[in-house]
Structures are given as C-alpha cells and as structure tokens.
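Shared between the two complexes below is chain A, which pairs with chain B and chain C, respectively.
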Partner chain A sequence: MLILYTLLGALGGCVLGLVPALPVSVMMALLLSQPGWLTPEQAVFGGLGLLVGRALSSALLAVYQVTPEDGTLLVQQCARRYVQLGLGRQVSGWYGLGSLGGFILMLLMAPVAVWVLPTLHELIQPHWPWLVGSLGVLLVLGPQIQPGDSTGLPQLQWRWAAWRTGVGWLTFGLAGLLGLRLVYAHPLSNAPFSAVWPAVVGLFTLPTVLGQLVSPLPVPPQTLDKTLNITPAALGQGLFWGGLSGGVAAFFPGLSAGVGSWLVAQQLPPRQAPAFMVAQGCSQVFATVGAYLLLFMPGLQLNRSSLSTLVGAVYTTFTPEVFYWSLGAMALAGALAWGWFALVAPLYARVAPRLQPWMGWLTLGLSIGLVGGLLGWAGLAVLVVATAIGLLPVLWGAPRLSALGVFVLPFVLQALGWGERLAKLLGW
Partner chain B sequence: MQICPHCGAVWPGGTPCPECHTPVTARLPLAWLRYVVLGLALGGLGWVLYAWRGVPAPHATIAQLTQGHPVAYVEIQGVVARSPHYAVDTQQLNFWVADDTGQVPVVAFGAVTQALSQTQGLPQVGDQVTLAGSVQRQAETLTLRVNTAQAVSRTAPIARPVMLGALSPDLILQAIEVVARVVAVREVTPGLTTVLIEDDTGQATVLLEAATRALSGPLPALRPGDVVQVVGVVTRYQAELQITLRATQDLQVLPAETGLPSSYTEPEALTPIAQVRVGGLAKVAGVITDVQSLPFGFAFTLADDSGDLQLVVRETLYAALTDTARLQRGTRVQAFGLVRLLDGVAQLTPETAQAIQVLVPGTPPSQTVPIAALGLAQVGQTFTISATVVATQTFGAGQRFTVQDATGTLTLQLWENLLGYLPPLEQWPAKQSLQVTGRLTTDEGQLVLVPQLGSDVVLQK
Partner chain C sequence: MKALTHVTMALAAATFVPGVLALPSAERSEVLLLAAAFGVLPDALDVLVARFELSDAAPNSNQQLWSHSLVVASGFSLAAGGLLGELAGWVVALALLTHLALDALGPRGIGWAWPLMRERSAGLGCLLPDDVGLNMLVTWLGAGLVLYNLSTLTPQTLTLGPSLLFWGVLVPAFVGGVRYSARRPAAKPARAQVDSDAP
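Entry: the complex of A and B
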C-alpha cells in the first residue's frame, strides 16, 4: 500500500514539477499541515515519489522555460543554445537519460554504500567545515581568474575579470549573510519548512525570470528527433561524473543540488552537451533523491535536505527494512516517472513555443503568491532582497552560483564556531 | 544601427522608429540598473537585518517540539532537569530542560559554550532557563541546539531551608538547604559520589556528578559524624529522592559543635497557617473541620483565619493521645511539627503526643438525618445518622454493616483500625442501635457511609 503512495507521489511530482517555483518541500509541508491527510509512513514514501517525479519533470521547465532552482541553473544556460537551434527535445532527452541512469546507479550502489558511507562519514566528519569552505572559495574563484590570464589578457580585461570576481565575492558574502540570518534566529518562524526557501527563490529563480521578461527570447519550433543521439562513451562519462558530483552534494552538509551541478561543470564543459546534460540529470537525482535516502540509510541517518527535515519530524521509526523498501519504491517510481517523461517530453517540445510568453509571468506570480501567502511580508522582504542579490552576478557577469553562499557560508561559520561571534557583532 | 525597443525594427537611428513611431531618445544605461540593483541588494539586506533585530523567537512547549512542531527556531522555558554534561576537549555542553509538558536535551558547541561560561556561567540543575535554539531531529533523537549565548538566560534557584523529613516529590527540581550529619560517603562509580546524611526527621542521599566535580573541583574531606550544610536541588533516581549538588562549594563542613535543628523543639510563636514554611518546624492553632482516615493514621483538616493544612497523626501517636475522643470535628487544636508538601497540600506531622494540645474540645454532632434523605447528590459530604444494625459482613480491610432506620437502609463501612476503638463485635447485641458520623461515598453504585474516627461511632443502648 505504501508503494502505491510512492507511485501516486511520483505522478504528482511529474505533474507539479511542471509548475514553476513550487519545491517539493513546500508541497509536502502543505500536505502535512492538513490533519489526517497523511500518516507518517505515507509521508515518507509519498515524499520519495514526489522527489523522483519532480527530478525528471523539472528538466522540461529548465530546458525550455525558467529555472526552477539552483540545481538546474547550468542546465538552462547550456540548453538555451540548443533550444534556439530547435534541438530542445534532444537536450531534455539527454537529461532524462541521465536521471534514469542515476536511479539505476543508486540501486546498484546501495549495498556497497550501506557498508562504506557510515565509515566514510566518521572519517570526514571532523573536517566538514574546511572541505565545504574550500568548495565555497572555488565556487567564487573558479571560472574568473585562470592561471596565465595575467600574461595574456589586456590590462582592461584583467581589471574587468578582477572586478567580476569581486562581485562574485560580494554576492557570496551577501547571500551568506542572508542565509546566516535566516538560520540563526529567523522571523520566518511560521515556515513549516526550510526558512531559506524564499531566499533560494529570489537568488536563483527570479533573476532568470526577470531577465526573460525584460528580454524575452522566443522559443522556436523544436524538432522531434526519435533518437537520443549519444554515444556509449558520452553516456558513461556523464553518468560517472554526474553520480560523483551529485553524491558529493548529497553527502556533504551545507551543500545543495546546485553545487553538484557546478561540480559537473568543472569536469565536463557545456560544449560536450550530451555528456554534460546526462551528468546534470544524474547529479540532480543523486543530490535530491539520494540526499533524501540518506535519512533512511542504516548506520547513517543523515538529514541532508529540507524534505528530510520535514518528514523526519513526523516519522521516527528508521529500520534497515524501511531503507530497502524505499529503494524498491524509488525504482518503481523512477520507472513510472520515466514512462511519463517519455510520453510528455515530445508534447512539451511542441507546446513550449506557445507557453514561453506566459511562463515568466506565471513563475513571477506564483513565487510572490506562495511566499507572500505562506510567509507574509517578512517572506516577501526576503524575496525582494534575495532577488536583488541574485541579480548582481547577472548584471555584472559574475558566476551566478556565487549565490550558493546562502547555504555554504552559514554552515561553515557555524561549524567553525564563528557564527556566534558574528551574531554578537551584528546584535542578533 | 538602431534597434527599436518596442517593435524590433532596425534603422540607422536619429529619428523615431519608422515602423511604430516610438521615440528613441534617452535610454537607461545598463550601468544605472547595475548600481540600482547593487544599492537595493546592500541597502535592502541592511534594512532587513536591522528591522529584524530583537524580533523574538516564537515560544513553544516541549511537548510541541516532540510532537513534530514545524517551527525551526523556537524559545522554550523550563528548568534544567539534570546535571549538565560538559566535554572539555570538544567544548560541547549537553543538558536537559523540563517544563510541564516534557523534557528535551539541549546542546551547545564550542564558542557558544565558551561565551556562556564567561558571561553567565553554564546552566546547572535546578536553574530556571529561557532559551532559544534550532530544533534538530535526527533519527529518533530530538535536540535543541543553542546557536548564540545571548539566547540563553538563566536564573539560579533560591534555596529554602528544609529538614530531611520534608523531602517529597513536590520538591523535585527545587533548591533546598539542609543542615545534617554525614552518615557515609561512597564512590558509587568512578566520578559519581554519594553522601548519605541524616537529621532528626529522616535521611537523604547527596549526589555529586562527575561533570559537576570536573567544573567545580573535589568535595572537602568528609567523615561520618561531620555536620554539613548542603545546598542542592531535589532530584529523583528511580523511586528515591536525592539532593544533587550544583557545585562542590555547595557542601560545606560546619564546626563540630554545630547543633542540628530538632523536630522535638517547640517553636515559641504561633504561625498563621498560610505562612508556614515547607520543610521547617511550625506551631499552628486552628479548628478541625474535617477528618480522613488513612492507612497509617488520620489526617485532620486544620483551619484558621488564613488557610488550612492537614494535621497528620500516625496511628501509634493517635493511640497515645490522652483524649482521642476529643480530637474530632470542631475541636480547637494547637500542634507543632515538621511541615511538608505532598500533592500540593501542606501537611504538619507532630512527632510526639505532647506536640498536640486540645484548646477547646469539639461538640459531637447531635443532629441526625434520615437515611432516605441521602442520595448521590450528597456524595462527599459528612452526615450523622441514627440507625440499627441489621446485617454484618466482613471484608478484607474491616467490616460492613447494613443499617436501617424508619426511612430506609444504608451500608456502613468501618475500617479495621477504627474497630479497635469500639467494643468487640461479639459483645454487640442483636440489632445494635448506633449513631454514626461519616462521609458518604459510593461503592459499585451503592451509597456507603464511612466513619473516619473511632469516636464517630457511638453505640446506643
């Protein structure tokens, strides 16, 4: 019976995944807020289904329309070129293949992961702050100043690159400060889910939406190629790097799917589109569904996502049986979601050009409506400020993933014990 | 070349758009937008942070946390229920906070623990605390994590002087001060020390936990017979009440010639009942308004103008009183003894018969009521009836009689201890007439009259 809830959740995730600005944690929180709607066991498996369904269907939004969240930002940036060439169906197909590969990889790796991950966690745990902090520094610095740039670039371009790096740091710092305030003693205390949610919408989703509203890029008619046009080597490469990157994002605390996506981009350039998109799909599955499954892993039981926090508050009976049931449920849900994706993707490719003018306004309206309705004026204030911070890298050409400081910086500061001093300094 | 921002037409420029005639004059430079957004980001964030200064965290009870309260950052209020655990190497502080609805473990790390230690000291058992923190749930464990020392405010409890006989579950997590004599000192497990102390009224165990010793140093040298002053918090381990030290400095050895308070020493002055101090000796005077038979004696409700308490007289003490028949409802009594609190009710327990003095004897009730007038609406009240015994039945704890008057029959229940104050049943004539005062109760739907004192039953000729 619980498997049925997973399948229903998967279908629900597939459909609701096409609604922009509606994360799974918000969906689950709204369901759990209604007394008697869901038992804790139903919430566990239903939430898993929602995640699986949304992991696949959100690719359609990311490829053709707006950016749902940080994890699909780079997907949209890479896919834009191919969509303009009418090859959006190919790109979404690669992403879907990567997601399917991610489910299969997780199933195959689970028996080994149960044995390895708890030991790995024990070894690495004391070093979390430095590892995550280093990733944060790389996030900002990585693509800006490359070795050898200073000898090859004209003076002006060097100064411009340095300035963009500065804006990247500024974005990282401002987003981190906002995230820290939301984590420490946030006035969004009635949020039945992560208080960082309105900041994430403002930092990642709305800047893209506003850009598209100001400078709309029409989606031309898409060709509906019946083949996926990918070599086994590219598929293997994509699955390998996607699994590794998404796994890091799931396993390390303070990281989100966006970091997994960024790690993929460090290994595979976007011009290698087939492997890149496969890796992005695989990374998204590992970073979202995999992070959720870590809550159930025997010997580990890590809380690595906002959905885990929500479900973990109502469900406390974690046994090895539950973990293996959830793996099986994920496999079934993944198969159902893939079948839905295979049916809907060509349809969506046909209607995307007609949807394009409206999706931006729909996303904007939904974002403001959801945040304002659930969190009030305080939530809207966070949304506006976060949007302004998220627009900085867009307008100055800095890396947009600098805004991941909203997750990384609070974790690093708290883990190192510096959050207390900063909070005292700022009068919190 | 110029692109029209309205219709997209392209022309050399310098004139309005030839297609839609939109005037293309001054266009907002992108740099302006950049600086506006930069200003909005910096100013907006600054304003939001400033506006949120001092916004209080929402208050929650501990039951709301354990029931999966959705709020991530909450404030709770309660008392520190156990001695804190402090890991010096990791500077991790763990302690439990309890309120009326439950208990929750609280944790603080590193810099927060340091700041707490330097500013207001680490929370100790018995402290009233108000703290705010992040609710963290992992597997089946719920923890409240304190992120900043300013989110914690603690008030050390004020210790009340008590005698050991006054220790009761009502005093759990309250601070007390005791002067007693050391009986024994034991190291129960490495780091956990117990000191058995006693005074005139009872014994108790003083507990020093390893974490407390680590923070405040070792106990002074103790020997059996030493008189010590102990300030600690009443805690419970299984069924035993203990006194947990908050710091080793809270146990002090007094000079050997220090006398212990005695429960046999009559206080000089009378204390209004409302002002009696729990844990100490008090002398009170009042009128007995009610009586309750207990398994080990009797509880007389003693009332004066300010309030009432229970005068608890043990069976052996009651039997030693010279005029037991005079200790009844309406009697004005003066008594002294140790005051304790049990289930929220103050009880005064005299130790000797000389501690109880009848000032004005009460008058036995003379007005009787017919049995037919007694019904379920009168359950809990005290009545006097005059009736004849028609049947007798023994039960485990005494005797039941069926009594009858002109208006009806009623069950009379005498506890075993009261029978000792009456002639033996074998000497009772058939159909013995008696006048009985008792409390009306029910037993399996039937009305039962239950006398509380032996003098409540008067055999009539």
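Entry: the complex of A and C
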C-alpha cells in the first residue's frame, strides 16, 4: 500500500507540477488540514511521490513558461534562448535526463550515504555558520565578478554596470532583512506553511511574471526533434556537479533548491547548456527529494525541508525499514514520473505557444489567490513587499539570485549571534 | 579560476592556520568568513574598482594587475592583523596568497610586483582557468582539505582523517591531474584569456 500511495502521489505531483506557484508543502498542508483525509503513512509516502512527480514535471513550466521558482530561475533564463530557436524540447530533455540521473545516483549512493552522511554531519555540524556564511559571501561577491563582461563598453555603460552591482547587494540585504523579519516576527506564525513561501513567490516568481506581462515574449512553434545532442562527458559533468550542488543545498541547513541551482552555475556556465541543464535537473532532485529523504535516514533524521516539518509533525516512527521502503518507492515513482515526462514533454512543446499568452495571468491570479486565500492580508503584505524587492534586480538587470539572501542571511546572522541583536535594534 | 574555486581553496588554506579551528564558534566563523571574502576579493576589486575608473583606457586593461599584487595583499593582511588580531592577519594573507598562486598558474599572469613593475608577469600556463573539469577538481580538493582539517579536531573523528585525505584528496588529485594533463589543450596566449564566467 505504501508503494501505491507513492505512485498516486507521483501522479498527483506530475499533474500539479504543471500548475504554477503551487509548491508541494502547500499541497501537503492543505491535505493535512482536512481531518481524516490522510493517515501519517499516506502523508509520508504520498508526499514523497508528490515531490518526485513535481521535480520532473515543473521543468516544463520552467522551460517554456515564464513562471520560475528559486530553484528553476536559472533554468528559465538558460532555456529562453533555446525556446526562441524552437529547441525547447531538447532543453527539457536535458533537464529530464538530469532528473532521472539524479534519482539513479541517489539510489546508487544510498548504501554509502547511510554510512557516510551521519559521520559527515557529526564532523561539520559545529561549523555550519561559516560554511553557510561562505556561500553568502560568494553570493554577494561572486555573481558580481564577470571580468570581460563589459570589455569594450563605453564609460557610461561601464558605470551602469557598477550600479547594477550595487542593486545586487541591495537586493541581497533587503531580501535578508525580510527573511529575518519572517524568522523573528512572523506575521503568519499560525500558518502551517513554510514561513518563507509568500516571500519566495514574491521574490522569484512574480517579478518575472510581471516582466512577461508588461513585455511579452511569445513562444514560437517548437521542433519536435527527439535527439538530445549531448556528449557523455557533458552528461557526466552535469550529473557530478548537479548532484554535489543539490546535495549541499539538501544537507546544509537553511538553504533551498535555489542555492543548489546557483551553485551549479558557479562552475557550469549556462553557455554549456547540455551539461548545465543536466546539472540543474539533477540538483533539483537532490535538493528537494534528497532533502526529504534525509528525514528518514537511519542515524541522521535531518529536517531540511518544509515538507519534512509537516510530515515530521504527524509521523514519528522512523525505522531503517521506512528509509529503505522510501528509497524503493522513490525509484518506482521516479520511473513513473519519467514515463509521464517522456509522454507529456512533446505534447507540451506543441501547446506551449498557445498557453503562453495567458500563463502569466494564471500565475499572477493563482499566486495572489493562494497566498491571500490561505494566509490572508498578512500573507499578501509579505507577498507585496517581496515582489517589490524582487523587482529591483529585474528593473536594473542585476543578478536575480541575490534574492537568495532571504534564506542565507537570517541563518548566518542567527548562527553568529547577531540576528537577535539586529532584530531588537530594528524593533522586531 | 572561478569564484567558488577561489573561496574553497582560501577556506582550505585558512583551516591550516594553527589555532583557527580551535577558536570559539562565533570568532571562528568570523575569521573564516574573512578568509572566504578575501579569497574572492582580488577578482571583485578588479571589476568593482575598474567600473569607477575615469580613464578612457579599455576598462579591463588593469585586470589582475594591482589587485593581484603582493604589495596590496601585504597591505590587506597587515591591516587585518592590526585591526582584528594576528590570526585574522595570517588568514587574510593565506587567502590572498592562495588566490594569487592559483591565478599565476593560468596563462594570463598577474601583477606580482605592482607598483614596482607596471606589467603583468607572464602566467605559467599550467592551468586553464575556464576549464570546468579543472575548477570542479580544485574545488573538490579544497573541500577535501577542509574536511580533513575538521576531522583532526575531535578524538571521535580523528581516525577519519587518513581515509579522508587518501580517498577525498590524494586519489582525486592523482586521477584528476592525470586526466587533465592528458586532455588539456594548448594554453591560450597570455592576456587573451577571460578569467571567469560566474553567472
């Protein structure tokens, strides 16, 4: 029966993954809020299936439509050029291949991971603040460093580039302050959802959607060529680096799939699109499904995702058997989701040009409706503030992922003991 | 090399400074965050300061010159040492030196002796800074060295050290090094190399 729940969850995740702005944690919170709808076992394995299905299916939205989340923002930015050339199916194929590789890698690594990860956790647990903080430093300084990006530009454009850098820093700081506010004085403290969900929608999804509504870029008809044009070396590089980046995002506290996606781009430039997209698919699987599986890992049981928090509240019997069952269930759900993806990707490539004109409005309506309906005015207030911050890099052409400060900065400030002082100083 | 590669190697170097890992948690974090920041600072300075330059010269003509100089690195290290303590000074020095050494191995060269010499020295051309596989390898090695140093801190994890060093650092360094040497294309001419393409 557990396998059946997972497969049902995977089917649900595949279908709901095509609906923008609806993360798994929100779906699960809605299901759990109805008494008697789900038993704890159904929640655990259905949730796993939802994650697996959505990890693959949401790639289609990221590739063809302009409705990214933090984890798929770079996917959308890279895929846009290919979609304009009619090669969207190829790009989504690379991403799907990376996701499938991620599932296989996790299965192969599981016997070693059970032995290595608890020791690794013991080793680095006292060092989280500077390890996560170093990612924050890189987030601030790293994306600004693009020697050669302005070679030959006239001085005026050169100065404009300097302003963009400043806007990137401003975005990081403001997003971090918003995250800190949500940690210390959350206006939605009674909500069963991830504290940062409305902020993430505002920072990452809505600014892109608004940009698309103001200045629409139509999706041209796509070629339905089945060839993927990827070398084994690119596939290997993508899987290795994607697995490592997504693994870091899953294993380190306070990080999200967006950080995994950004780490991928630190070594694999988007211009090497096949390897980059494979890595993004693999990273997404590690950062979402892998993070959830850490809850069941014997000797570890780490809570690293909002779904883990929800499920951990209703299910507490974590035995090694449950972990191995969940691995098997993930493999079957992954196979099912891959089959769905292979079936739906060509169909989606056909309908994407027709969906595009109203997809922005649908995302906008769903985001506002879901946040307003589930979290009320306080949720909408967070959404509006986050959207205003998220629009800064869009308007100035600064690095969008500077907004990942919403995750990184509060964690580092808290870990260093500065968070509470800053919150008091700001009157929170 | 790419920013992540520099940061990882700077952290690896900083964890070798005696006493750093033994500091209380908050101070240790501050010192190591300093290492991460200074590990990537020379490239950041290139871009940020160059963007405000008033001359009509090609905007990146000074790249890897003054910012990648031993004189400037010494200045930063002494300032950090004076302001934040001796340990911070050593950490900053090592982070900057690691950055300069990695870049000096590339074909572009750096301005070791600026302002005494106003030209970049020729790079050694051993490493291609844009090579994705090489950057991944160096990052992996840096992370392995960090983990090795962390393993030496407590008696419970002390026994892990040799295996981490062997399997996490030496074997990948050997295998990766051999593979890289076998497939490495000829180094591009000095000063024609764009150093990084972080997103």
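Quick note on the criterion: the second predicted complex is superposed on the first by the 409 of 428 C-alpha atoms of A that agree within 3 Å, B and C clash if a C-alpha of one lies under 4 Å from a C-alpha of the other, contacts with A are read in each partner's own complex, and residues count from 1 in each chain.
Going forward, a contact is a pair of C-beta atoms (placed from the backbone, for glycine too) under 8 Å apart; a residue touches a chain by one contact, two chains touch by 3 or more.
Predicted model only: the values in this text are computed from it and were never measured.
Visitor: Figure out whether A:Q267 sits in contact with chain B (first) or chain C (second), or with both, or with neither.
Guide: Only chain C; A:Q267 stays clear of chain B.
Visitor: Once chain A of both complexes is superposed, is A:L138 in touch with chain B (first), chain C (second), both, or neither?
Guide: second
Visitor: Would you sort A:V183 into first (chain B), second (chain C), both or neither based on which partner it touches?
Guide: first
Visitor: Of the two partner chains, chain B (first) and chain C (second), which one does A:Q414 touch, if any: first, second, both, or neither?
Guide: Touch status of A:Q414: first partner only.
Visitor: Can A:L174 be said to touch chain B (first), chain C (second), both, or neither?
Guide: A:L174 sits against chain B, while chain C stays out of touch.
Visitor: Residue by residue on chain A, keep only those touching chain B in one complex and chain C in the other, then list them.
Guide: 417
Visitor: Under the stated contact criterion, what part of chain B meets chain A in this complex?
Guide: Touching chain A: residues 30, 33-34, 37-38, 40-42, 44-45, 48-49, 51-53, 55, 57-58, 68-74, 109-112, 115, 132, 134, 136-140, 147-151 of chain B.
Visitor: Which residues of chain A touch chain C in their complex?
Guide: These residues of chain A touch chain C: 74, 119-120, 122-124, 126-127, 129-130, 133-134, 137-138, 141-148, 150-153, 155, 158-159, 161-162, 165, 237, 240-241, 244, 262-263, 265-272, 275, 399, 401, 415-417.
Visitor: Would you mind writing out the residues of chain A in touch with chain B in their complex?
Guide: Residues in contact with chain B: 29, 33, 174, 177-178, 181, 183-187, 189-195, 301-303, 309-310, 312-314, 316-318, 381-382, 384-385, 388-389, 391-392, 395-396, 414, 417-421, 423-424, 426-428.
Visitor: For the complex, which residues does chain C have touching chain A?
Guide: Where chain C meets chain A, its residues are 2-5, 7, 11, 25-26, 28-30, 32-33, 36-37, 40-41, 43-44, 46-48, 50-52, 54, 56, 58-60, 63, 132-133, 135-136, 139-140, 147, 150-151, 156-157, 160, 194-199.
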